[in-house]
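Heads up, the next two complexes both have chain A, just with different partners, chain B and then chain C.
Now for the complex of A and B:
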């Protein structure tokens, strides 16, 4: 049975429209006009137990709205959602104690107290015994290498440590469905890697299902085999990460080292130049014309080295979002 | 039920630990509380000094109303204000999400999550004032017990009104001022209802039921109102508690959560 089932899910918000300037403000105050914004339109997908799925989309594409419908925080306008066998919006205890939501930009820990105090509150709320709590905190703080930090007031922790403590707080009740909204936001590279490693280990150890959004593609490439891509409220891709590259960017990246520097102008005939730095240049070349283009570069220019690879995933995604609507 | 008491104990011990991080606050709170009480006693004193009085209320009797008012203020700044004013912030900052995801009544969480010891001086001075007036009037001990009942009803009324105002932040988001307006109106409870013109009295009984918060308990304590005032206050309290509960569930259907 799938852990998450989403069928024809939509959410429409009324959003007040306001013109700029004083006149706009006054009209806005006295007579509000609303526009119906379709945040999510007819989205369907299924996620199996133990999967880690990346959820991609530009800001405002509808990722957070979808996550909030999956966790039961907001009521869908239409369609059906089922998570772990429950309808999220009913917010039954049996559902709530199986899921968790981590939001990179919001915190639930009490600022002035050690994280352990907040854990005690969560433990009481979820009905976790003192012994189980101790065991769980020990286990997770070891996985997160947080030992000794949990006795300090949260305000004294670094951003990375705080995020780890937030994760711990969110995972105390051993949820098996994790919704993570930008869990690595604002963290430095080391902390990002640590959080990523932790999530992978957690997934393997507990067979937890994870749905994750992130602006750092490294998170997605490191963790997710499957991605969902949402654009202007519509699901435009559901499949493997590799497949995403083939589907949206049927081109290859060609890196060349020349014997002498060429100007960007001279090189522009050979392909779509990404950047030029003295003797080094990077092109994007369409898949079908690849051999021809390379033959031409080798024949015309003095080449020392040449490599062909898939373009970085960030660029592929960027292109998809720039292109606007993409046919399914 | 037992689980909720356990949770409440942890909520409060944690909240007190957090507040005690800032020790100087306690001295300030005690000082403000004493200042507030002296202010209202002085106002009342000036009024009675000139030989005038509120119809039917002697100086000591009016003192009891001031005492009950101070006591209620203490309760509300200990139990109500720190929780209910935070609802607005939860909605603004989107941290209501965390509350809604807990397998526990969200109304309970929002209403009982913290407690602030800074209202304790008010509670202390309030009780002291009531006792002073009571001893002067030679009120028998049993009357104090009886007057606790309408006092609890008064608190329930106050809680329900405040909670509902906080809940409207689901729609209006920045509703902070409205709870201040409520607090302003409650100031009217400082003096016996007899102090106000009829129109005001009607307003403070039926629109914003301030009369039930201080005057009714005081009348019960003085043994002059009989059971009627308490019964009305009780019915109103129960009705408002139900309405507040229903209203919260209604409001949540409109919750859209702050975007990231």
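Now for the complex of A and C:
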């Protein structure tokens, strides 16, 4: 049975519209007009137990709205959501004790008290015994290398430590469905890697299902075999990460080192130039014309080295978002 | 049941620790509640000249009791709730298998314990300065007072938490509280004991929840005449009414909640 089932899910928000200036303000006060914003439109997908799925989309694409419907925080306008066999919005205890939500830009820990105090509150709420709490905190703080930090007031922790403590708090009740919204936001590279490693280990150890959004593609490439891509509220891709590259960017990246510097102008006939730095250049070349383009480069120019690879995933995704509407 | 007890115990300990973190603020909060003591000065002076049916000592005792009732019943849930809604922090609370209101209830209750020593200190200081007002109520009076003050806290909390529900729709629920506070100030007995109000105003006030929030428990403590049974029944009725309204608005509000900024 799938852990997450989403069928024809939509969410429409009314948003008050206000013109600039005094006139706009007065009109806004006396006669408010609303615009219906379709945040999520007819989205359907399924996620199986133990999967780690990346959820991609530009800001405002509808990722967070979807996550909020999956966790039962907001009521869908239409469609059906089922998570771990429950309807999220009913917020039954049996559902709540199986899921968790971590938001990179929000915190649940009490700012002025040590994280351990917040954990005690969570333990009481979820009915975790003192012994189980101690065991669980020991285990997770070891996985997160947080030992010794949990007795300090949360406000004294570094951003990375605080995020780890947030993760610990969110995972105390051994949830098996994790919704992570930008869990590595603002963290330095080391802390990002640590959080990523932790998530992978958690997934393997507890067979937890994870749905994750992130603006750091490294998170997605390191953790997710499957990605969902949402654009203007619509699901435009559901499949493997490699497939995403093939589907949206039937291009290859060609890196060339020349014997002498060429100008961008001279190189422009050979492909879509990404950047030129003295004798180094990087092109994007359409898949079908690849052999021809390379033969031409090798014939016309003095080449020392040439490599062909998939373009970086950020670029592929950036192209999809820039393209605006995408054919489904 | 055992789990409930554990939740209560943990919440109380942690929130008590939280409140004690703010020692300086606590003292300031207690002092900021000393409006009744200023008013007491005004009224005891006025009572020496005018004829209010209450002696200066009665006024002094009454306002001391008002101070105490305010310390027991002060509520700020609307500001906290509004902030939680606006910042989307309510989302975390909603994901826990317990009604988010308990966090507020216990933080209010623990704060009471934390500020109690300061409040008692202030009362002792007052009696040292004004020994004529010293009085010792009997056990029954104290018990009735604590019951009435506890119920007044519950009613005050229910009213404000109900007003707070408006945060789901307007995003500025606390302005409603400020409007409400005007009526509270005049009709609750915070500025003057209800006994000195004109008969007609008093009759109308008795129908509102306000006098039960301060005047009723304070009068019980200092021995001013009150209708005990009627008073408690009216309080319970208001509690029940606001509770029902609150739960109804809560359910509607959750449908409205969009996890703003979450």
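Note that in this section the second predicted complex is superposed on the first by the 328 of 328 C-alpha atoms of A that agree within 3 Å, B and C clash if a C-alpha of one lies under 4 Å from a C-alpha of the other, contacts with A are read in each partner's own complex, and residues count from 1 in each chain.
As a convention for this text, a residue touches a chain if its C-beta (ideal position, glycine included) is under 8 Å from a C-beta of that chain, and two chains touch if they have at least 3 such contacts.
All of these numbers come straight from a predicted model, not from anything done at the bench.
Peer 1: Put the two structures on top of each other at chain A: do chain B and chain C fit, or clash?
Peer 2: They clash.
Peer 1: Return first, second, both or neither, reflecting whether A:229 touches chain B, chain C, both chains, or no partner chain.
Peer 2: neither
Peer 1: Report for A:101: first if it touches chain B alone, second if chain C alone, otherwise both or neither.
Peer 2: Both partners, chain B and chain C.
Peer 1: For A:13, is the partner it touches chain B (first), chain C (second), both, or none of the two (neither)?
Peer 2: both
Peer 1: Touching A:124 in the superposition: chain B (first), chain C (second), both, neither?
Peer 2: After superposing on A, A:124 lies in contact with both chain B and chain C.
Peer 1: Quick one: is A:294 in contact with chain B, with chain C, with both, or with neither? Answer first, second, both or neither.
Peer 2: A:294 sits against neither chain B nor chain C.
Peer 1: Quick check on the superposed pair: does A:182 touch chain B, chain C, both, or neither? Answer first, second, both or neither.
Peer 2: first
Peer 1: Is there a shared patch on chain A that both chain B and chain C touch, and which residues make it up?
Peer 2: Shared contact residues on chain A (touching chain B in one complex, chain C in the other): 13, 64, 68, 71-75, 91, 93, 96-97, 99-101, 103, 106, 108, 110, 112-113, 117-118, 120-122, 124-127.
Peer 1: Residues of chain A touching chain C in their complex?
Peer 2: Per the stated touch rule, the residues are 13, 64, 68, 71-75, 91, 93, 96-97, 99-101, 103, 106, 108, 110, 112-113, 117-118, 120-127.
Peer 1: Residues of chain C touching chain A in their complex?
Peer 2: The contact residues of chain C facing chain A are 3, 6-7, 9-11, 13-14, 17-18, 21-22, 87-89, 91-92, 94-98, 254-255, 257-259, 262.
Peer 1: Would you mind writing out the residues of chain A in touch with chain B in their complex?
Peer 2: Within the complex, chain A touches chain B at residues 13, 64, 68, 71-75, 91, 93, 96-97, 99-101, 103, 105-108, 110, 112-113, 117-118, 120-122, 124-127, 153, 181-182.
Peer 1: Any idea which chain B residues touch chain A in the complex?
Peer 2: 3, 6-7, 10-11, 14, 17-18, 21, 93-95, 97-98, 100-104, 109, 253, 255-257, 259-260
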